[in-house]
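For reference, chains read A, B and C in written order, and residue numbers begin at 1 within each chain.
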C-alpha cells in the first residue's frame, strides 16, 4: 500500500514521475481518473488552499471528498496508547482511523506541530498513528515534520519557470513573524529541492537551525543528486545570484527557543525589493501562503514581477491530482 | 466576464431573462447544465437557505460546491490594502481570492454589513475586493449593500402568484426586531421590484430611511419602467390595497442610529392579521427568512393563508440555477 | 411517505428486509441506486461515523449529501410552538424544515437528548417536529429517544458472526463513564434485538433503569418474536454464556438522577478480559463508538480477539445504504 506521509515515502523517482504527470495534465481537460473514489480529509488545524484544492481534485476527477474537522462538529481525538480516557478526548485514533478507513479509499490528514520540540516534530506521532491504524493509503496535508504536497508544488513551480532544476541556485530564507511557526514547510522545500538536484542555500539567523535529522536526510538526497546544500547565518550572501527565492517564517530550534530566541527580532530579514535585487535578474519569489504582508514579505514583492505565489498555490491542485493518481491507480 | 454582485450587474433585461428561465425550469426534470463546474462558496457569516440552495443547485446540475467558512476551520481574511498584517488576520484577500479562482469556475461570497454606516455598506469593500482580485465570475450571497439572489427570488414568487408585475401594488414594510439588522434585503427588494416595474410603497418609522444612493438607483429603474416609488412614515396607508406585502427588519439610517433610534421601539409595526386585512383580498405575504416569529411577524400570518415564505425560499434554488446558467453557459 | 425516525417506523419485517439487503450488497460493487438524490443532514450535535458514513453512502450511490451544523455556520433553531422569538434562536423549525424539504429528497437529523428527563427523551420533540414539518422523508441520525441506524448496524454485525439471531443470548451491559450519557443507543439496541428475536439480558446498577415505555415496546417485540428479555442488577450473571456482549454507558433514570446516582460509581462495571471470559467461547464484543478506553472498556478487549467494533461501525454504511434505498426507491 502506497502512502504519502513524508518525502521519503516517495523518493526521487516517484517525485519526478508525479511532477511530470502534474505538468502533463495541467493544460489538458480534466481526466476522470478518480471516478467513484472517496477521499476522507481529517483536519486538526485550519486550511484554505489545502482543503479547496483537494476537494477540487476529487470533484474534477469524478470522485468525492469528505471533510472532517476534528474537534469542531466531531469528537476530539486521543492518540496516546494506553491512555485512561477520562478527559476531553472521547475518541481514540485506534478506533477513528480504522473506522474512517472503511468508508473511504484514501485518508488525508492535517496535524500541525505542537511546537514543543524538534524531536516531537520529527516523531510525528499523530500522522504516524494514522499510517499505523489505517487500512487505506494515508496522505499528509501537513504534519509536524513535513508538508510534502507543498514541496511538490514548490518544485513544480520552479520547473515551470526554468525547465531544469539540476544545479539551479535556489535560496530558502527565514522570515520574521509575530509568533513561532512550524518547520514543516521549510523542511519539505529542503527535502524536495534536494531530491530534484537544486543547488540549495538556506539562510536564517543563529538559533533558527532546522533539525539535524532533516538536514542529514536532505544532505543524502543532495549527495545522491550530485549537488550541495549551503547554510548561511546572514541573508544577503545567500540571496545573491539565486534564481528562486523561497521566504518562510519558522520558529527557533528547540534549544534556542528555550534560550529565548524570538521571531520578532531580525525584522530586517523581511523580504523587500532590495533583497530581490540581489538575486538573478530573472529570479522568482515563492511563498507557501498564507503570508503576512509587510511582516514576512513587503507588498512590493507580492504585488511585483517576481512573485509566483498564486501559480505555486494553483500547482497544489496539479501535484495532488498526480499524487492521488499514483496512489490509487 | 459576467459578475452578479449587485442588481446593477444584471439590469432589467437580464433579470427578465433569469426569471423566465427559472420559471421554465421549475417544473421540469433537473437539467445537467453545470456538469463538471465547481462553485467556491466563501462565507464570512452564517447561512442556511443560501448554502443549502446553492449546494443543491450545483449537485442537481451535475457540478460541485466547495464550502469555505472564513475564520472557522480556515484563516481570517484581511481586506485592507497596505496593511501591516501583524494582528489576527493572517491571510489577505489579495492572495486568497486569486488562489480560490484557480480551483473553481465561479466564486460566491457572503459578507454582511459591518453595521458601521450606510456609506460603508454602500462601498461594499469586501465584495468589491473579491470582484477586483478574482479571475472568475463572482456572485453575491448577500453583501453589505445588496442580496440580489434574494431580490430575484422575491420577484419570481410575486410573478408566480400574479403573472404580471407591471404596476402591481407591492409594499415593503419595516418590522421591529431585537437588534439592528443590515439593509441588503430591503435594498435588493426595492431595486428588483423597480426593475420589474412594480408600483412600490415603502413604509418605515422616521429615522429608518434607506440610503440615498439606493433610493436614487431604484428611482431610475422605476422611471425607466414607467412606475413610481412612494415612501410612508406610517404603516397602514402603505398596506391598503397592496397585492404583495414584504416585511423585513432593518437598522436605523446612520444619522438616526447615532441619534439614538432603536429597533425595539415601534413594536406596533409587527405584522399581524389586522394589517394583512388592509391589503387586497388576494394579497400574499413575503419574508426572506429567518424570521423571528411574534417579534417581526405574528404566527397567524406565517401559519395563515397569506404566507408564501416557503415558496419564496424554494425559489432561491430556481433563480440561482438560472443565474449560474447565465454566468457559466 | 416513509420515515425512519424510530424503530417503530420500521417494524420487524422492514428491519429483516433492510438487513438482508445490507448484507447482500456488502460484498458487491457499489450500486448507483441514489443517482441524482440529495440527502440533507442537519446536526445539532457532533458526529464522526454518522456524518462520514451517510456522506459515503450518498457519494457511493451516485447522489450527494448536504451537511448543515445547526448553530455553527448557520442559525440556531427554535422548536417551541408559539414562542416569542426574542432570544438567541432566530429561526423556527416551522420555516427551516419545510425550506430544507424543498432543496433535498430526504432529511436526516441528529438531535441528542437534553438529559433533562426520560419523559423529555421519550417525547423526542425536535425529531418529531422535523417529521411534522417536513415534506420529504425524515431519517434519525440519533435523537433523544433512539438511534435506529445504530440498532440496525448492531444486529447486522451479530448476524454476520452467528448467522441466525433467533434465541441467540445477547447481553447489553451498562458501563461507567465520566458523565451521564443519553439512552438512545441502549434503547435502540434493545428494540432492534427484540425485533430480531434475540434472547436479551440487560444489566445495569440500580438506578439506571431504561424508561418504562421503551421496555414495554421491547417486551411487545420480544413477545411477538417468541423470546424474552431479562433484567439484572449485577453484571456477571448477565454475561455468563452470552454470545454477543454490548457495553454502553448511559445516565441514571430520571428519578435516580434526582436522587443523586452517579455514573462515576460502579467502576467495577468497566469491561475487562475477566468479564469476557464469563461469556461463550466464541463471544463477540460490541460498542457503538466513540468509546473511552480504560473507562468504559479496557484496551485488552478493544485490541483483543472479541472486538467487532470496527466491523460494527462499517456496517453503519451498509444498513444506511439499504435504509435509504427502502425510503427512496
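Everything that follows uses one rule, which is that a contact is a pair of C-beta atoms (placed from the backbone, for glycine too) under 8 Å apart; a residue touches a chain by one contact, two chains touch by 3 or more.
Being a predicted model, the structure only gives us computed values, none of them experimental.
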item	value
Homomeric contact chain B-chain C: same or different residue positions, threshold half	different
Angle (degrees, nearest 5) of the CA superposition of chain A onto chain C	120
Centre-of-Cα separation between chain C and chain B, whole angstrom	41
Shared interface positions of chain B, touching two or more other chains	72
In the complex, chain B residues that touch chain C	30, 43, 46-49, 51-53, 55-56, 59-60, 69, 72, 178, 289-295, 299, 302-303, 309-310, 313-314, 317
Residues of chain A that touch chain C when the two form their complex	36, 38, 40, 63-64, 66, 68, 72-75, 78, 82-86, 90-92, 94-96, 98-100, 102-104
